[in-house]
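Alright, structures below, take your time with them.
In what follows, subunit A forms one complex with subunit B and a second complex with subunit C.
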Partner chain A sequence: MTEPTKIDVKRRILESNELAAAKLRQGFSATGTLVVNLISSPGSGKTTLLESTIGRLSGLKVAVLEGDIATERDADRIRKLGVPARQILTGGSCHLDARQIQREIVEEGFANADILFIENVGNLICPTAYDLGEDFKIALLSVSEGDDKPFKYPGIFSKAAVTIITKIDLLDYVDFDLEAVEDQIRSLNQRSVILKTSARAGTHLDEWCAFLRSTLEKKRGGAGPLP
Partner chain B sequence: MHETSIAASILETAQGLIREQGEGRLESVKVAVGELSAVEPDLLVFAWEALISGTSTPDAALEIEWSPAQTYCPTCNRNLDRARGSWLRLCSKCGDPVVTKGGDELDIVQISFIQEDSNQP
Partner chain C sequence: MTEPTKIDVKRRILESNELAAAKLRQGFSATGTLVVNLISSPGSGKTTLLESTIGRLSGLKVAVLEGDIATERDADRIRKLGVPARQILTGGSCHLDARQIQREIVEEGFANADILFIENVGNLICPTAYDLGEDFKIALLSVSEGDDKPFKYPGIFSKAAVTIITKIDLLDYVDFDLEAVEDQIRSLNQRSVILKTSARAGTHLDEWCAFLRSTLEKKRGGAGPLP
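Then we have the complex of A and B:
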């Protein structure tokens, strides 16, 4: 009986995804496209935030990729606003990967957009592991989800450069300690940018859009890390 | 539950590594899984077993090395002890905010295979 051969290696398990992501990032760098990867639980208001964001980004070419298990609903909502949107149906898979993004951006209006929003499948866990070639990840947390989530899901809140606390118009109706949540997020990620919005009431949306515009300019000016 | 895609990536990579060496039958793969990698070791083993049972090497094992994240104080330049799953915010010694280090490993660290080379003695 032959003895087994053992080889020590150091190979990223998701290397093929990471190579595809690096290629995407190179392309987005050449076109000066700002790419953000939106990650949250289902129902925290990703699509609603995008709907209220798009109208405030006049003068910019915006495109949206929507990841979902089933239905074209989210892409339909975005297309109604006159913006190119593609639905990526994962058919049961809980996250988007870089190769899916590569397939979609060949469509007109995506690869050369000023800002490309990628709305991941609603899930705080799995999408964290997959680089999509984005400039940074944004985590969304709605106040109705509870104020213990950053410590319960440290992966995403450590990796996201920006956290948006959504539905703050509901703060009077739920027990949500905003300060405690901000402390949790900062303890996981010192440099995290924290925004608090209500898409329904229009709260702080101008601030959010100003942040996007200045980050886009920063990317095009090659000025240091984003955001 | 993206452990099925992770298991498929491990198998694909391991088979590729064996091909670089010639012919061989996969015996086992050792992987490092970090606490912040968003991968659950038990589910990964479950997904691996489901996947490998349909291949020509149904007994190939998956071994997992668990890598916890560290809590680090930049002021004291030291790692802090913490209970598994807990996240300290402030250094117990100096009171400054701490940062997390590591825990994002998702690496293949070793493969073991039986060479099927006819030149072997």
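Then we have the complex of A and C:
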């Protein structure tokens, strides 16, 4: 018997993740929960965007799962807003996986939320391959990270149904060609929805929340692949 | 025979990497090459720092290895400055490994450089575990990434002998408590050298280059662990 290679082990892990993700998706379909998987570099503004989003989703039950290597910090920030949040510490792993989500959503407030946000570990690479049973992935890219990122990290920008360009209040102070970035994203993913926000200045947050509400309604109306 | 687990495979990979890194370190010791492994999130300014550094190291032979998932962009930026640079595309992997460095440094200009910069894949997690035969690791953290990062990514900030806080020209436009960040870094790594730079404004770049020159001299003078 030959020894399994790194590739064999990775394939087995991904297959087992796919099974867990399919079960999650079935459950979220039954409860009509819209599930959003947020992926970006560290510091692109995932938690800050969620903080600004929660107050604008009044009337909806929102819950948040936070993935990190260390600290309860992000879940604490969300809980302060009165929304159920759980911190998943990955023990050094650079991404969340579907089994970790399964373990958390058995709790009250998560399985039956209207919208469940999953904030993945800060990383533009590893989380891309792991399906968490979400309706869609969102890639965040802050303008301070530079305008070469979609082509340098094509995996996530090809897979994300939505890209949010964050911190646009900094556009005057950094070199960032917005048009070039939109061209890169569209060439990787023609159907990608592109939003531009500043959580600090409150820019385009109503548009983003309207998008979430209408996508939730479409899911509950039995729409096909979202968004 | 039981099947090797993910952990077994990872351990085997890391052990084999350690062997390759030890050989590299021996070679770099013989040629008196100072080797610096730069690690950060995507968009923290690794390539921009190197561009600003190269012109300030006149009289020294500098070479650069660039790690990325995709594109030759970073190596192209360095080559424009007349410095030998090679792009290592990792085929989806979130870090460089020592064997990839071994394959590149056989070329003229790399093995006998005075200073070899290795710019790792943009990622605060995966590159931390892989020794590349370097003299020390440098962690970069841009002020636009937020002041909670050292405690959220303790692995790299514990291991990096030097932390460079970049883009300090943006301090007026973002929420970033410099003192709190320095406290976090020091509590993870008491001996860490902390520098604060802006490549855009040219701030503290001479100090950084003086640090590199003196560290190179110390290495050639047979100093102990660097810096």
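In the analysis below, the second predicted complex is superposed on the first by the 214 of 227 C-alpha atoms of A that agree within 3 Å, B and C clash if a C-alpha of one lies under 4 Å from a C-alpha of the other, contacts with A are read in each partner's own complex, and residues count from 1 in each chain.
Just so we're on the same page, contacts are C-beta pairs under 8 Å (C-beta built on N, C-alpha and C of every residue); 3 or more make two chains touch, one makes a residue touch a chain.
This is a predicted model, so every value here is computed, not measured.
When both complexes are overlaid on chain A, the residue A:S187 reaches subunit B alone and has no touch with subunit C. Shared-chain residue A:C94: touches subunit B and subunit C both. Legend: residue contacts after superposition of the two complexes on their common chain; A:R11 is shown touching subunit B, with no touch to subunit C. Look at A:I125: by the touch rule set out above, it reaches both subunit B and subunit C. Residue contacts after overlaying the shared chain place A:T203 against neither subunit B nor subunit C. Once the two complexes are overlaid on the shared chain, A:T71 sits against subunit C while remaining clear of subunit B. Applying the stated contact rule after C-alpha superposition, one finds that A:S41 touches subunit C and leaves subunit B untouched. Of the two partner chains placed by superposition, only subunit C is touched by A:S142; subunit B is not. Touch criterion not met for A:T31: it reaches neither subunit B nor subunit C. The residues of subunit A shared by its contacts with subunit B and with subunit C are 4-6, 9, 13, 94, 125-126, 151, 154-155. In the complex of the two chains, the subunit C residues touching subunit A come out as 1, 3-6, 9, 13, 41-43, 68-71, 73, 92, 94, 121-126, 142, 144-146, 148-149, 151-155, 167, 169-170, 173-174. Those residues of subunit B whose C-beta lies close enough to touch subunit A in the complex are 1-2, 5-6, 9-10, 12-13, 17, 21, 24, 27-28, 31, 36-39, 69, 87-90, 97-100, 106-115, 120. Residue ranges on subunit A touching subunit B, taken from their complex, read 2, 4-17, 93-95, 97, 125-126, 128-130, 151, 154-156, 158-159, 183-184, 186-188, 190.
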